[in-house]
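Next come two complexes, and both contain chain A; in the first it sits with chain B, in the second with chain C.
Coming up: the complex of A and B.
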């Protein structure tokens, strides 16, 4: 049974020349084995930085200012760099956005898929190679025994992306972080990737997917966490979140997303752009862009509160059997909390 | 996983059943460049000649023939004539080549090692280490290289090693800066972060992920630095700062030749022509290497 990842009160700061920016502010979530969490938000909302904080892969100016990230009882944020190096790749794998760039062009796939098995002392080279070939086959690369001898540039984009997932998978990590894995690939490849991640999930890997594409997130994620300006504004089961978003920002994200096959509707972009964190708006950071904002929104900080979801109808799941226990929804908007 | 459909589009290289690294692709592009390829063969011949100088040269470079001083071209026994002391020009040219190549390759190899060590540490570690190392590099950069050579040769004497050191020291500075700049670019590549996310150590990352990807442009500058070093060696010799006579150097041969330009023009023109040809060939090889590694417009 692989352990679950519990992140609590994570805060990450970036030191600029004259001030400190809080890029991730009080972020908490849990990913259990075989579950998938989508972290949604515009660029600059802090979703990638949050994940890199968990991996302890922040740039030099970044600093984790507080919180915990427990993986099977160990707080990753308290480990030394040397100990953390053993966790990376072995317990937590990471898949990157740009497959064209995420493989070393001077090493063959064989090297890249077996090296970290050896670094972590998981097995010797022969066994590592056997596993690498098997994993390449698993991710749908034809003739893996032959392909393993090739260099990344000899593979098509889709194959590279899959080779990269294979690289993260070959150590069988308990948690896989995928940073916009589908953004840079064709739609056809996108579907294959999602199937692959779904299959991993079914095998018991906890998956965290950073994305700004809600359609992709819905495909196999259980929960969704919406981030805005470094804070969580809404968190809950993804189906319920999609059928009835509680936070105006979540609503805005939905309305600005084009959905293939859905009934035609007007695309409503969210006006304005995400705030510069150095000039974070007072109160709810979203209020300057929010169509429903009132005077109170600019005055009061909005904590993340349980959302009762009065009169909520689960459109996608109407009449479905008993739901999971984790039906709890949270939202950081007083209007949503008070008016349901 | 059965759910994944196989991708029919296989890439050409794999179909042919060969895994080609980008080195071998660069080599293929180099071979296609006729001028560079011919130059490479010529340079290869020069190198072999230099290595085999004692067997190829009919005389030792300091062996004098008092009966045939300032012999013209085509003299029997001295096909390319002799100099004022009756030394065989052909033999001296070959030994001069040996001097030039030994100094050039030695200096560039040493400067390459130093440049990689300094540039990689400065670029990868960054911070204070970067500031310190680049500070030293800048000081060295500001120092006039000929002045440095004069000081070195004065202190160490006119030995091969002093000349080599003098040239190498003026060469590593630009190389180290280039390595550092390359490392800074490559460091931000996603595959470096990917390696880190898999638990790679700093040494692994710098040696296996950054260095191999940063070295291409360095190879190009080194291939241009070699003819520059050959030129520098001749230049120092011309100024009387080269290797100690009687060890021949093209620079000192040219310098001697200018005194007898009317009586024996071949004393000047032969070393000058060989010097020019050698520089040209090495430069064309450098050009070829640069083009071979220039992958712009090509899908990598």
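Coming up: the complex of A and C.
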């Protein structure tokens, strides 16, 4: 059984010339084996930085200022870079949005897929190649024995994305972080890629999917965490979050999303734009755009708290998901929308 | 109102071109010759857009929808077939005449930052088409640019800021203001909201919706996002491998798609409030030959599969 990833109180800061920006502020979540967590938010919400912090792949100006990320008893944030290298790619993998940028254009798929198997000392080259071919076949690349000799540019966009997923899958990591893995591909390919990741999930890998697409989150994930300006504003089972969003920002995201076959649903954009973190609004960062905001929202922020209280049973989806989900929902807003 | 008069060629505007259509593509083919051989990007496409109508053009990458946009804008000539704008065959006009036509068809691109001039302030960007078309003087152009910026929801206080100082959504508003500067009849929108965040996407769509009503614009709206097209278009054409496989009024296309490719595309959509449709067991494989497009109901054309 793979271990779960438990992130607690993660804080990441970026040093600018004259000040420090807190880009990820007190983010906590758990991903259990075989579960998928969606991290939803707009650009600049800190979702990618949070995941790069867990992977310890921050640029030089970034710094983890606090928190823990425990994977099977090890705190990833406390490891040295040398120790982290042994974990990265083996226990925790990552898939990026743009395979053309993430794959090395000068190396064949064979070199790229066998590299970490050999580097981590998992097996020798012959075995690594056998596994690489098998994984390429698993991700639906035709003629994998032949394709393993090709370079990334010789593959179509969808095939490249598959090759990158294969690269992350080949070591069978406990946790996979997928940063917008289907944003750059066509819709018909998107579903195939998600179904591929679902197989990995069924084999016990915990998956964190960074996405701005609520449809993808609903199709693939069990839980969702909504981020705004570096903080978590709502966290809970995805279906409940979508059927009854509680935080005004979650509601706004939902109402801004168009959906096929819902012509009658009003399109209600959220006014304004996400804040520049250098000028983070006081109190709740969302209050300047929030229709429910009142005077105190500009002064103080409600921390993320269980909502509407422990033990709420979701009648709509009772029995639809694992029981553990039914109890857990957190919202950071005093004006959270009550659903009758 | 600022004195920037728009010259209309009354002889042509008065007559509605071919039976109420502003722009018509008839049997259009486009072949690009590359070192790797010929690429048949658009095959036998016939489309027409009525005055005041919004035509949605959907398809996956490589389906030829952006090539079609450029052909319809007269930015490149078709290999065969004709494009008619307001009754004028685009292949028959050149120079001054073409320039005059271009003022009446404008385009909004996917990447607003890439389409704005980075070293011009946003007001200069918006005024640029007026300058190129010699409308008004410097002062009146600037005044008009500020009016346009206000109309699209950009605070005129920032008129002298540069594009990079704006967010993606604001940049797209500026690009829309520039497209509207010459008071065009046709607005060609190629993935206008695809690079924007969800909440901003909704704002820009709401703006385009408001503008097309208040200004009586004719729109061609290209997108790979079916939900956006469903909401926005009056009629939808589905493109696949350079061909239009189905064209119908929006509701008809979404409620009863007939072509297997359209069905496949709709089944691939992942809805937010309900479970997705079952994926077809065997994906549709396009055939090499060009099969005929048949009218199955009034205004609903389906290519044989």
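Keep in mind that, in the parts below, the second predicted complex is superposed on the first by the 316 of 340 C-alpha atoms of A that agree within 3 Å, B and C clash if a C-alpha of one lies under 4 Å from a C-alpha of the other, contacts with A are read in each partner's own complex, and residues count from 1 in each chain.
The criterion applied here is as follows: contacts are C-beta pairs under 8 Å (C-beta built on N, C-alpha and C of every residue); 3 or more make two chains touch, one makes a residue touch a chain.
This one's a predicted model, so the numbers in the text were calculated from it and none came from an experiment.
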item: Which of chain B and chain C A:43 touches, first, second, both or neither; value: second
item: Contacts of A:155 with chain B and chain C, given as first, second, both or neither; value: first
item: Partner chain(s) touched by A:90 [first = chain B, second = chain C, both, neither]; value: first
item: Partner chain(s) touched by A:269 [first = chain B, second = chain C, both, neither]; value: second
item: Partner chain in contact with A:216 - chain B first, chain C second, else both or neither; value: second
item: Which of chain B and chain C A:253 touches, first, second, both or neither; value: second
item: Superposition-derived comparison: chain B or chain C, residues of chain A touched; value: B
item: Complex contacts: residues of chain B adjacent to chain A; value: 1, 3-7, 9-11, 13-14, 17, 19-22, 126-127, 189-191, 193-201, 204, 208-209, 212-213, 299-300
item: Parts of chain A lying in touch with chain B, wherever the complex brings them together; value: 55, 57, 60, 85-90, 93-94, 96-98, 101-108, 115-116, 119-120, 138-140, 142, 146-147, 149-151, 153-156, 158-159, 164, 167-168, 171, 192, 195-196, 199
item: Sites on chain A touched by chain C in the complex; value: 42-43, 157, 186-188, 190-191, 212-216, 218-219, 242-243, 252-263, 267-271, 273-274
item: Partner chain A, residues of chain C touching it in the complex; value: 60-61, 167, 169-170, 197-203, 205-206, 224-228, 230-231, 251, 254, 264-266, 268-273, 276, 279, 283
